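What follows is a pair of complexes built around subunit A, which joins subunit B in one and subunit C in the other.
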Partner chain A sequence: MYIIGNLSLYLGIGIAFYSIILYVWGLKNKNNKMINSARGGVLSLVLLSSIATFLLLYNLGTSQFQYKYVAAYTSENLPLVYKLTAFWAGNAGSLLLWLFLLCLYTGFLVFSKEKRNPMMPYVSIIMLLNILFFFIVIVISGNPFEMTETIPADGKGLNPMLQHPGMILHPVTLYLGYVGLAVPFSFAIAALILKRMDAEWIKLTRRWTLVAWVFLTLGNIIGGWWAYLELGWGGYWAWDPVENASFLPWLTVSAFLHSVMIQERKGMLKTWNISLVIISYLLTLFGTFLVRSGVLTSVHAFGDGNLGAYFLIFMVFMIVLSLYVVLTRYQLIKKETNPIESYFSKESSFLLNNLILVGGAFAVLWGSMYPLISEALTGTKVNVGPPYFEKVMAPILLGLIVLMGICPLIAWQKATFERFIKSALWPLIAGVISAIILVAIGIKGSFAIVGLASTVFMFASHLKEFYDGIRARRKATKESVAMATCKLLVKNQRRYGGYIVHIGIAVIAIGVISSHAYVKDTLQTVSVGEKVEIGDYQLTFNGLTEHSKNGNGIVVAALETSYKGKSVGTINAEKIFYETWPEPATEVAIKTNWKEDLYVVLSSWESKDKATFQVKVNPFVSWIWFGGMLMVFGTAIALIGGKTTTSRVYKMGIQHKKAGV
Partner chain B sequence: MTKNKKIITGLMLAAVAIAIMMFSSMPSAGSKEISISELEQNKAEYVGEYLMTQGLLNKESIKWDADKIELQFEIYDENNVSLPVFHKGIKPDNFSDDIIVIVEGMLDKNGVFEAEKVQTKCPSKYEGEDMENYDVETHKQILGEQKD
Partner chain C sequence: MLFVLLLFFLSSPTSVWANFDYNAKEFQEVVNQLDMQGHSNDDLATCKVKQMYYKEVQEMLDEGMTPEEIIEFYVAEYGQSALKEPAKDKSGLIAWSMPIVGVLTGIAVLFYWLKRGKKKVSVDSSVPEIAWESEEDKEITEKIFEEERRKHF
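What follows is the complex of A and B.
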């Protein structure tokens, strides 16, 4: 087993290297035989990485403690699902997961229906460079098949915080997103090398990019959900450097997804798109570098020195490569790019949205890097916390929301202001009315009210788009409402899928704004029988009990809860003391209804009759998770359909005009 | 000037606005990270500034008032310089072992550090492997390295 595992890794290096050489050689001599052989090499890489992956899964599943990795992250009594998901609990395993996904993606590409595309060998070479890098890094600094000197009786066990459904999904989804971005990057570079300045590479990678993006979205949201349930500080996003590292590519890819539409339709913004995809890909490497190097103080720090350095080297290599390719082709790209024709058009509003997204990405990057920058410049490290990010990002995100409300209402090419006002009238009224209602029912905080009203405006303008579309269909075809809605979605999957994503964002925005602005928070020490009152809730402390389960000691605080004077049962806030772990874990007691979460943390106790609680009422937090699901649903709709051929674009253009958009 | 350029100029202005926003909120939002020794040497200089520092927890010094929800303790660095800390808020889990405590807040006139945030850290937080080195010496070493 030990031999098979290591052999597959070492062979991997060899074959990746071999395939790259054959591709280059084959391209040089126009030798198809060599290219075919290189393609075979890719297939065997898929096989090798699968072997390594399944071997590690097997080792973990059957508790082979002679392997360091298995002993370090699992223990005998761990449930099987967590034994298996310990795969990505540490460095070595998560690198292998990354490699495995990378090989799978490359395999898909090389044997897809585009396999005869002249770009494909170049794409493969760039993907293979990534694969080669990961094989080497795994062998040098993170081999999951390393053996222990003496076989321990039991492993050290998995960090209890990671024993949560969120942690089964969060790393995998993020990696799927990270790895997926390598594909559009490879295509962009390949297109540049071949001097193909049309939108072909964009069309071919549209689905890849969307998939990567939706996984990044999911990864971040699941991460927030996990933090909210498991870490017990009542929040879901802490602007930690590592969180920022996964937010950065999300921002730039979101920008990219919009700006490529302009290139697809109009042949504009070519340099911009290429830069965006390169930057997004580099940011994934940069994020990994941040996580693995420990240069920044973070709760996520893995703190394994060398690994970060390898990523830095690889990143610099990729920066140099992409800069070289872009600069040598710059004149050509410029020559074939159409200029933007009007200030007031969908094109420029997309460009504005792009600038805001990229500006936001830069602000986040700047804040995350500031400790390093300030240390280099002044000698003192200045840490930047949530106040900075909230102050800077709040107006940026507000701007985005407003723009998201305006964008769908503006026509392509050249819009007239009168027309726009006409279509924006109802959404605007909806926004204003919601602001008036909020003020009337006594809600305070002007920025939050502006934010909520803008969100309503954005939501309403999307509803209007749906309404107009459905009405136009019904007029033309006499279909029923449900039928017309379905047909509308099916016929314009990209457009309405995108709108559903926007609506998901609106739902999330409501959750984020209100949970930031209107959280109720109290910290109290109570004795048995005493009450904690917060919002509409009243909690009566019934004392602490202690019991043990699976060898872990659990301290339970029972709180009898009533909502608006009516009893809603007893909730339990717990602390769990793990046998295998030095720190106790917090089990938050959460009571959710559609508009708020009651969030109770048992923080410490003096005796079994006296304890200290942190109690919060977080408004609309569950909307964030629901909005996330909507975003995934919308993306799925956009993914399933939506051809990108020119005829399609032409037809859609006509429909746009018909619908009067 | 072509129309294209004009549009881009206009958009650049938006970018500049973002940049200004970014820099203007920087100093007020940041916390300076310094060592306890440095803080003790230049007390007067740092009074009123928002700071972050870290040190090992002195177990005997912990005073926890559950009714008022007030926490007092001392942390010390590798030069054995110690700093008294006052925190109005909850006591972190495991606040009794030899752990590294990271505090953020301000130094008051009496030389007591009024912490807004108290976080504990041990190298094993998310990684299993470091568990075997779980002792004070390693903490000290890590503490030293981070200062370098």
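What follows is the complex of A and C.
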């Protein structure tokens, strides 16, 4: 097993190197035989990375403690699912996961229907450079097949915080997003090398970019859900450097997904789009550098060995390569870029949206790096924590929400103000009415009210778009509402899929604003029979009990709960003492309804009859998870539809011409 | 009897005498600003560092210190890194102003670019379009231009 595992890694280096050489040679000599052989090399890499992956899974699943990685992250009594997910608990395993996904993406690309595209060998070379780097780094600094000197009787076990369904999905989805961004990057570089500055590379990578973006979205949402349920501090986003590292490419790719529409339709923003793709990819490397180097303190960081340095070198290499390719072709991109015709148009509003998204990314990057910058410049480290990010990002994100409400209502090319006001009237009225209602029912906090009203405006402007579309269809075809809605979605998946994503963001925004501005929190010590009162909830402490499960000691605090005077059952807040872990873990008791979460943490106890609880009422948190699902649903719809209206119209025109109409 | 009562009061833990519990506004005001060596977002139930800070802050409040004095004490002890965010005075100016500078620069660049684009559009529209003899001619010329461009850039 040891030999096969290591052999697959070392062979991987050789074959990746071989494939790159053959691609370059084949391109230089226009030799298809060599290019086909290099393509075969990619297939071998998929096979080798799969072998390494399955071997590690086997080792973890069968508790082969002779391997350092298995002994460090699993133990005999760990449930099988967590033995397997310990795959990405440490540096070595997560690097292998990254490599495996990278090989899979490359395999799909190289053998896709676009395999004969002249760009594909260049794309493959860029992807192979990534693969080669990961194979080398795994062998040098993170080999999951390294053996222990003496075989331990049992492993150290998995960090209890990672023993949660969220941790089964969060790293995989996030890595699928990170790795996926290498594809549009490779296409952009390939297009630049070939001096093909039309929108072809964008059309070819649209689905790949959307897939990467939706996985980044899912990764971030699931990460927030896990933090909320598992970390016990009652929040879901702590503006931790590593969380920020995954948020940064999400922001820039979101900007790209919008600006790309302008290039597809109008041939504008070519330099900008290429820059966004390159920056997004580099930000994934930067994020990984942060996680692996340990330069910044984070609960998510691995930070051991020289991995950070290797990632830094690779990142610098990719920056230099990108800069060289962009600068040598800059005049070409510039030459072929069309300007925008009107200040007041959808194009301009998309530009503004890009500015806000990229500005937000800059603010997050600046805040994440400032502790390092301040230490380097003044010798004193200055922390930049959640209060800073909340103050800086709140107006930026508010601006984004308002713009998201405006954008769909503005026409392409040249809009008129009168027409816009006519379209925006009802959404604006909805926003204002919602603000009046919030004030009337006694909601405090002007910024939160403005935020919620803006979200209602944004939501209403999207509903109006759906309403107008359905009404127009019904008028023309006399279809039923359900049929018209379905057909509207089917006929223009990209547009309406995007709108559903926006609605998902509106739902998330309501959750985020409410849970930040209107959280109720108390820390109380109670004896058996005593009550904790918070919001509409009343909790009666019924005492502590103790039992063991899988060798772990569990202390359970039972709390009888009533909501608005009606009993809603008993909830159990737990503290788990793991056999293989020094720190106890918290199991939060949560009672959810559509408008709020009752969140209870067993903080400490003096005896079986007296304990301290941290109790929170977090409004609308479940909306965040629901909004995330809506975003995924919307993206799925947008992914199914591939053609823009313009390209369809163009195609129809050709067909008509051919038919002699 | 008085002696016994005095002895009881003196031997009682400070929490009995605490004027400020963890829910007190002043207490929350202080702990919400402290970074607690990177542990401020940890679960209070399991994080020893956070528990120690909570106890310290409560004791200081009970001793009569104001929230401002406690914050000053921590900044004097650990420097600016004691807090979760940069100071809002001159020392934190760069930290707070950079995002604003970034966004404003973006807006300036955007408007410059739009203005330049608009100028170009008006210049382009004033130049009469070349009349091609046939579509084929136009295509061939475009292809030649394209090849030349690729060669030179």
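The rule we apply is simple: the second predicted complex is superposed on the first by the 644 of 661 C-alpha atoms of A that agree within 3 Å, B and C clash if a C-alpha of one lies under 4 Å from a C-alpha of the other, contacts with A are read in each partner's own complex, and residues count from 1 in each chain.
The rule is short, and it goes like this: a contact is a pair of C-beta atoms (placed from the backbone, for glycine too) under 8 Å apart; a residue touches a chain by one contact, two chains touch by 3 or more.
Here the structure is a predicted model, which is why all the values come from computation and not from measurement.
K.L.:
Clash or fit: subunit B and subunit C on subunit A?
P.N.:
With subunit A as the common anchor, subunit B and subunit C collide in the superposed model.
K.L.:
Check whether A:50 is in contact with subunit B, with subunit C, with both or with neither, and answer first, second, both or neither.
P.N.:
Once the two structures are laid over each other on A, A:50 reaches no partner at all.
K.L.:
With the two structures laid over each other on chain A, which partner does A:381 touch: subunit B (first), subunit C (second), both, or neither?
P.N.:
Both partners, subunit B and subunit C.
K.L.:
After lining up the shared chain so the two structures overlap, which partner does A:582 touch, if you call subunit B first and subunit C second: first, second, both or neither?
P.N.:
first
K.L.:
Check whether A:89 is in contact with subunit B, with subunit C, with both or with neither, and answer first, second, both or neither.
P.N.:
A:89 contacts subunit B only, not subunit C.
K.L.:
Could you look at A:157 and tell me whether it touches subunit B, subunit C, both or neither (first, second, both, neither)?
P.N.:
A:157 contacts subunit B only, not subunit C.
K.L.:
According to the stated criteria, A:610 is in contact with first (subunit B), second (subunit C), both, or neither; which is it?
P.N.:
first
K.L.:
Quick one: is A:552 in contact with subunit B, with subunit C, with both, or with neither? Answer first, second, both or neither.
P.N.:
In the superposition, A:552 contacts neither subunit B nor subunit C.
K.L.:
Between subunit B (first) and subunit C (second), which does A:117 come into contact with in this model arrangement: first, second, both, or neither?
P.N.:
A:117 sits against neither subunit B nor subunit C.
K.L.:
Check whether A:66 is in contact with subunit B, with subunit C, with both or with neither, and answer first, second, both or neither.
P.N.:
neither
K.L.:
For subunit A, give the residues common to its interface with subunit B and its interface with subunit C.
P.N.:
Touching subunit B in the first complex and subunit C in the second, residues 297, 299, 339-343, 348, 351-352, 355-356, 359, 362-363, 366-367, 370-371, 374, 380-385, 387-388, 391-392, 396, 523-524, 575, 583-584, 586, 603-604, 614 of subunit A appear in both lists.
K.L.:
Where on subunit C is subunit A touching in the complex?
P.N.:
21-23, 32-33, 35, 38, 40-46, 79-81, 83-87, 92, 95-96, 98-99, 102-103, 106-107, 110, 114, 116-118, 120-121, 149-150, 153
K.L.:
Please output the residues of subunit A touching subunit B within their complex, sorted ascending.
P.N.:
Within the complex, subunit A touches subunit B at residues 72-73, 89-90, 156-159, 161-162, 297, 299-303, 339-343, 348, 351-352, 355-356, 359-360, 362-363, 366-367, 370-371, 374, 380-385, 387-388, 391-392, 395-396, 523-525, 575, 582-584, 586, 603-604, 606, 610, 612, 614.
K.L.:
So in the complex, which bits of subunit A are touching subunit C?
P.N.:
The touching residues are 195, 231-233, 235, 238, 240, 297, 299, 328-332, 335, 339-343, 348, 351-352, 355-356, 358-359, 362-363, 366-367, 370-371, 374, 380-388, 391-392, 396, 521-524, 575, 583-586, 601-604, 614.
K.L.:
Please give the residue numbers of subunit B that touch subunit A in the complex, ascending.
P.N.:
By the definition above, subunit B touches subunit A via 2-4, 6-7, 10-11, 14-15, 18-19, 21-22, 25-26, 28-34, 52, 64, 66-67, 69, 89-91, 93-94, 97, 102, 104, 122-131, 134, 146.
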